[in-house]
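Both complexes below contain chain A, partnered by chain B and then by chain C.
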Partner chain A sequence: MGIKNRLKAGIQKNLNQKYIKKLLGIIAKKPILYTYGSTFSSVSNKYLNIFTIESLKDAYSDNSHPVSYGSLFIPYEMLHALGITPFLPEVMAGFTAGLGIAAQTIKQSSSNWYSQDLCTFHRSASGAVELDVFPKPDFILTTNLACDAAQKSFYIYSKKYNIEKNFYLIDVPYECSKESLRYLTGQIKNICMDICLKSGRKLDLSKFAEAINFSNEFRKWAIKVNDIRKTLSYYPPYFNALNYILPFHVLAGTDKAVIFYKYMYGELKKYLDRQPKKKPDKKGAPKRILWLHLKPYYRSEVFDILERKNSIVAFEEINHVYWPELDPLRPFESLAKKMLSHFLGGKIDNRINAILSHVREYKIDGAVLFVHWGCRQSNGGARIIKDSLKKIGIPTLVLDGDCVDQNNYSHGQTKTRMQGFLEILNSKT
Partner chain B sequence: MESSDTLKNKINDIQSFFKNTLSSTDSRPVVGWFCTYTPEELIISGGFTPARIMGNKKIVKSESYFPINFCPYIKSSWESLLSGTESLGAVVFTNSCDGMRRLYDAANTYLKHIPSYLLDVPHLQGEDSVVFFRDNLIKMKRFIENTAGRKIGEKEIENAAVLINKKKRLMERFSLIFRKSPHLIYISTYYRIMELSITSEPHTFTDDLGKYLKFIEESYRKNRSVLKANNESSPRVMIIGNFITEKKLWNMLSAMNLNLAADDLCISNRYFTKQVETAGSPDLLVSLARRYLTKPPCMRMADLGLKLKEIENTIRKNNIQSIIFISLKFCDTVLYSFPLLKESFNKMGIPVLYLEMEYNNFPEGQLKTRIQAFLEML
Partner chain C sequence: MYTCGIDVGSVSTEAVILDVKNNKILSYAISLTGSSSKNAAKKAFEDTLRNAGLKSGDIKAIIATGYGRINIPFADKNITEISCHARGVISVFPDLKTVIDIGGQDSKVIKLEDGNPIDFLMNDKCAAGTGRFLEVMARAMEIDLEQFAPIFIKTNGKVDITSTCTVFAESEIVSLIGQGTDKNKIIKGLIYSIANRITSMVERIGLTEPVCMTGGVAKNQGVVKALEEKLGVKIKIPDEPQITGALGAAYLAQNIS
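Then we have the complex of A and B:
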């Protein structure tokens, strides 16, 4: 049994905080961590795993900085500037799937009266919170941006840990306007000041500027990575950019995000440089897929089927750099602008415009919209997205499934639907 | 003195008390709305009649637009918009939830001929949110003005606010009477009148409701000895949920003689509680913004703790002994609040029955059995 499987089996058997802490205490030690990292075939995956473990070690550490739970899309730059360690229950729910413990956490959430019709990212995270698997937070930050679920489940966590007064919802307005920018900027600033007051920290503007500069640097490298991917047809083995939620969101504002994307750029650049020499085989160049929404985070055949049918995921909408460069002299307003420019906020036209530009820029042949069970915000727009892509001749597969709960994944149906879709795609010249 | 049954029959005869409302020949164009955070006052001041979209009970086309696990009220509403069963001058949406945002997108994409507007309602309730919401109300006013083809004056908003205040005041009074005399007014009558309040021309409805209440109050005074409560010994129940409008459910609960002592629903208290401050208000839009942000909240608002406290107060104030929690399926904001509510009810020692239902397919037999078993257990 390899090291990864041993880790997995250990956690499955000992699903508790004490064991996780012990495990992190061993594996997060530098030489072991880098040895573990080097078991991954690509450089980007190596650093993804190293940074993830380091981030978890900080969150689970007893004597470290205050910990804040955060949902996706909140301004992590602010937390890094304040020296607060972020911990993402939604991302950890993805881990519960990968580690094969989602059945336990989801079962626990059902015992706590979470309806089976709710998003499994939140159900699994809620179950883990109830099982005391996650570290105890000092603060909880969430937003209504993109979906309703986090703001509700995160409030319940605040109640569980008796920190309702340290629960903050960043209320992102529907539209980007002068008024909404003012409203949102005020909120972020007030939250920052309140956290400073409660944690006894002083806001260091130079640290804030440093976090903003790191964020801009990461943004620059992420754009460079995306630019390469516009023409890249062959990827390193096991490369899957649907895994990069942690560096893309949580590490924004740290040097780690910069390092990660720099390495990824270097790695992909090598592949791009080799590409012209590599002649397409008899099947021709791979079909280029645009992946919409997320993916199953447990072992599934989805991407193997794509590979077997000579197709690649050329781009994922979650890796779209949607925000303008941040101004270190106006950090709160910049972070408000970043949140307001998210393509999942406001009208679905914002998402569709982004999708249409990806289709053009990444020379997309077809799109897969992964319909994660219980995700109303994404799935509710599936028909409009499909119709919009149809208008420009791009076929879309609306693929039902579940990112976290393997029991909601139908192997046969997924295979049949994907194969059918890819056959249509490959029959097109 | 009339017999108890004769009087009860009279009081529950909605057709006769609300005949003007039911046969209204109001020719003003209708502006449809979906959520209790929609200020009807602005719609009325533009010369329109506000009416909540109730949706088609039969779904045919709508299924192909939304996923299977999507809010059934939204699907029903979309069906009615698609089939054109409601002749609408315009539609006002709110960003109340993910589903409602996608419904607005669908209307914007596939029904471009119907003027539509999405009102951005903050999730927070502080003064900054009031200021922000006021800005959004100005935008909504502009939309109504563009649809009407004329400007809306300050006086028109004030008149509309006075009218809606009067309607909501009467509804609060009606709700109080109903809660004090569940033996007098059927549950089905109560909710039928609630439904009329959100779907009818407001002047006519308010007049009819005023007359109706006067009749009940006079009858009650004259016949106090005849009208003895026959379910005083049965447990005092509170219903908590979202947009529950199922007639068969209300009829069923009426037939069970359920002692409904309080509710927390979109069709009831979340709609009518609290009025707009009009007297001496320097800015009516601020008053409107404040009223809508501080009315009994929907679970969509950020502070679930505030909602929990409000429900706990209602339970104590009305001496509630059991709860029926009933939600439309796939309503995330309400379903996510249940674990929190359940924990609180457990601490208070109050039993709760958890039900989920469709909007357009009522499993009468199944629910009847579950409710009966629950009541028997009490």
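Then we have the complex of A and C:
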């Protein structure tokens, strides 16, 4: 049994915080971590794993750094500037799927009256909270941007930990206007001040500027990675950009995100240079898929089928760099602008416009919208997305499934849908 | 030159041998899938060879399709039932635009353009709207499934079956029988419940005529009539709708070099 499987088996058997702390205490020690990390297939992947483990170790450690739960899309740059360790229950729910413990956490959430209709990222996270598997937070930050489940379930966590006064919901307005920007900037600033007051920390503007600069640097390299993907016909086997949520969201504002994307760029550039200069004819070229929303985070055949059918995920909408460069002299306003420019905010037209531009830029042949059970913000737009893509001759597969709960995954049906869709794409020349 | 297509479904397995030179079906065989898709495919293949008076060496290429398609070691390739059904119906009705296929555990709607599939929709992880649903209900009512169509045609009025789930629908009809409800009206209600589910799938993908129905359930005139009524179109049925997937696979096998 390899080291990864031994880790999985250990956690499955001992699903409690004490065991996880003990494990992190062993694997997060520098020599071990870096040796373990070096077994990964690329330097970027090595750093991704090291940063993930270090970030978890910080969140689980009993040191004086406050921990804040956060949902996706909140301004992590601000938390890094304040020296607050972020911990993402939704990302951890993805880990529960990968580690094979989602059945336990989801079962626990059912026992605690979480509806089966709720998305399993939140059900699994809620179960882990109820089981005391996650570290105790000092603050909880979430937003109404895109996801409707986080704002409710995260508030329940604040009650569980008796920190209701340290729960913050960032209300992102529907319309993008000057007034919206002023309102959102004020909110982020007030939350920052309140966290300072409650944690006894002082806002160091030079640290804030440093975090903003790191965020800009990461943005620059992420754009370079995306640009190179516009011309790539093949990827290194380890590359799966649906896994890069930690560096793209949580590590924004640290040098770690910069390191990760810089290495990733170098590796893809090398890969591009090694690709045959003569392009395969249109028929032999891999079909380029645009992946919409997320993917199953447990072992599934979805991506193997793509590979077998000579297709690649040319781009994923979650890796779209949608925000303008941030201004280190106006950090709160910049972070507000970043949130307001998200393509999942406001009208569905914002998302569709982004999708249509990806189709043009990444020379897309077909799109797969993974319909994650219970995710209204994404699934609600399925029809209009499919119709918009149809208008420009791009077929779309609306693939029902579940990112976290393997019991909601139908192997045969998923395979037939994916394979059938790729057969349609391949029959088009 | 001869090619063969084998469609391994959840309930039945069909094999078709195509005489490519004369563009005609040489023979076909249908058998129950049972617990081993591999054995079922082997049996269907041997039966159809026997019917055609051929040996396995006479077959240039074999394509497997259906849910058991990956498990057939003697097939040269596997292709989904989406492509195979589309190819199969086109050989019978060349101008077709919409295919409704209702099999044992799958129901699907395929949209065609110039004879090629351009979009499709399949039922979710549920037996409602499939042949299995009708089988379970026939068993619960102790009425031969073949009687459903004549009962549907002669009966006036129906009882709405409100449960979507096959298991709950079974309980619902048991209760209705217990209350003394006319069994014929229950059958009519059951057939309409399938038609409603399929109609919703057809509407999602967009109804374009001509429309054809394939799969074992296409042999049930009650379901066909209910669908025609709900969709407001005439539905074409191939002479043997159950072998359409295997026939399409046999046609696609011509392309194997």
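The rule is short, and it goes like this: the second predicted complex is superposed on the first by the 421 of 429 C-alpha atoms of A that agree within 3 Å, B and C clash if a C-alpha of one lies under 4 Å from a C-alpha of the other, contacts with A are read in each partner's own complex, and residues count from 1 in each chain.
Following the convention adopted for this analysis, a residue touches a chain if its C-beta (ideal position, glycine included) is under 8 Å from a C-beta of that chain, and two chains touch if they have at least 3 such contacts.
No experiment lies behind these values; they were computed from the predicted model shown.
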{"item": "Touched partner set for A:374, first chain B, second chain C, both or neither", "value": "first"}
{"item": "Touching partner for A:231 - first (chain B), second (chain C), both, neither", "value": "neither"}
{"item": "Chain B versus chain C as contact partner of A:353, first or second or both or neither", "value": "neither"}
{"item": "Chain B versus chain C as contact partner of A:179, first or second or both or neither", "value": "first"}
{"item": "Partner chain in contact with A:118 - chain B first, chain C second, else both or neither", "value": "first"}
{"item": "Partner chain(s) touched by A:395 [first = chain B, second = chain C, both, neither]", "value": "second"}
{"item": "Chain A residues touched - chain C or chain B, whichever exceeds", "value": "B"}
{"item": "Which of chain B and chain C A:384 touches, first, second, both or neither", "value": "first"}
{"item": "Partner chain A, residues of chain B touching it in the complex", "value": "64-67, 69-71, 95, 97-99, 101-106, 108-109, 118, 120, 122-124, 128-129, 131-132, 135-136, 299-300, 302-305, 329-330, 332-333, 335-340, 342-343, 354, 356"}
{"item": "Chain A partner contacts - residues on chain C that touch it in the complex", "value": "67, 79-83, 106, 116-120, 122, 124-125"}
{"item": "Residues on chain A engaged by chain C in the complex (per definition of touch)", "value": "395, 400, 408, 410, 412-413, 416-417, 419-421, 423-424, 427"}
{"item": "Complex contacts: residues of chain A adjacent to chain B", "value": "112-115, 117-119, 122, 126, 144, 147-149, 151-153, 155-156, 159, 164, 169, 171, 173-175, 179-180, 182-183, 186-187, 347-349, 371, 373-374, 376-377, 379-384, 387"}
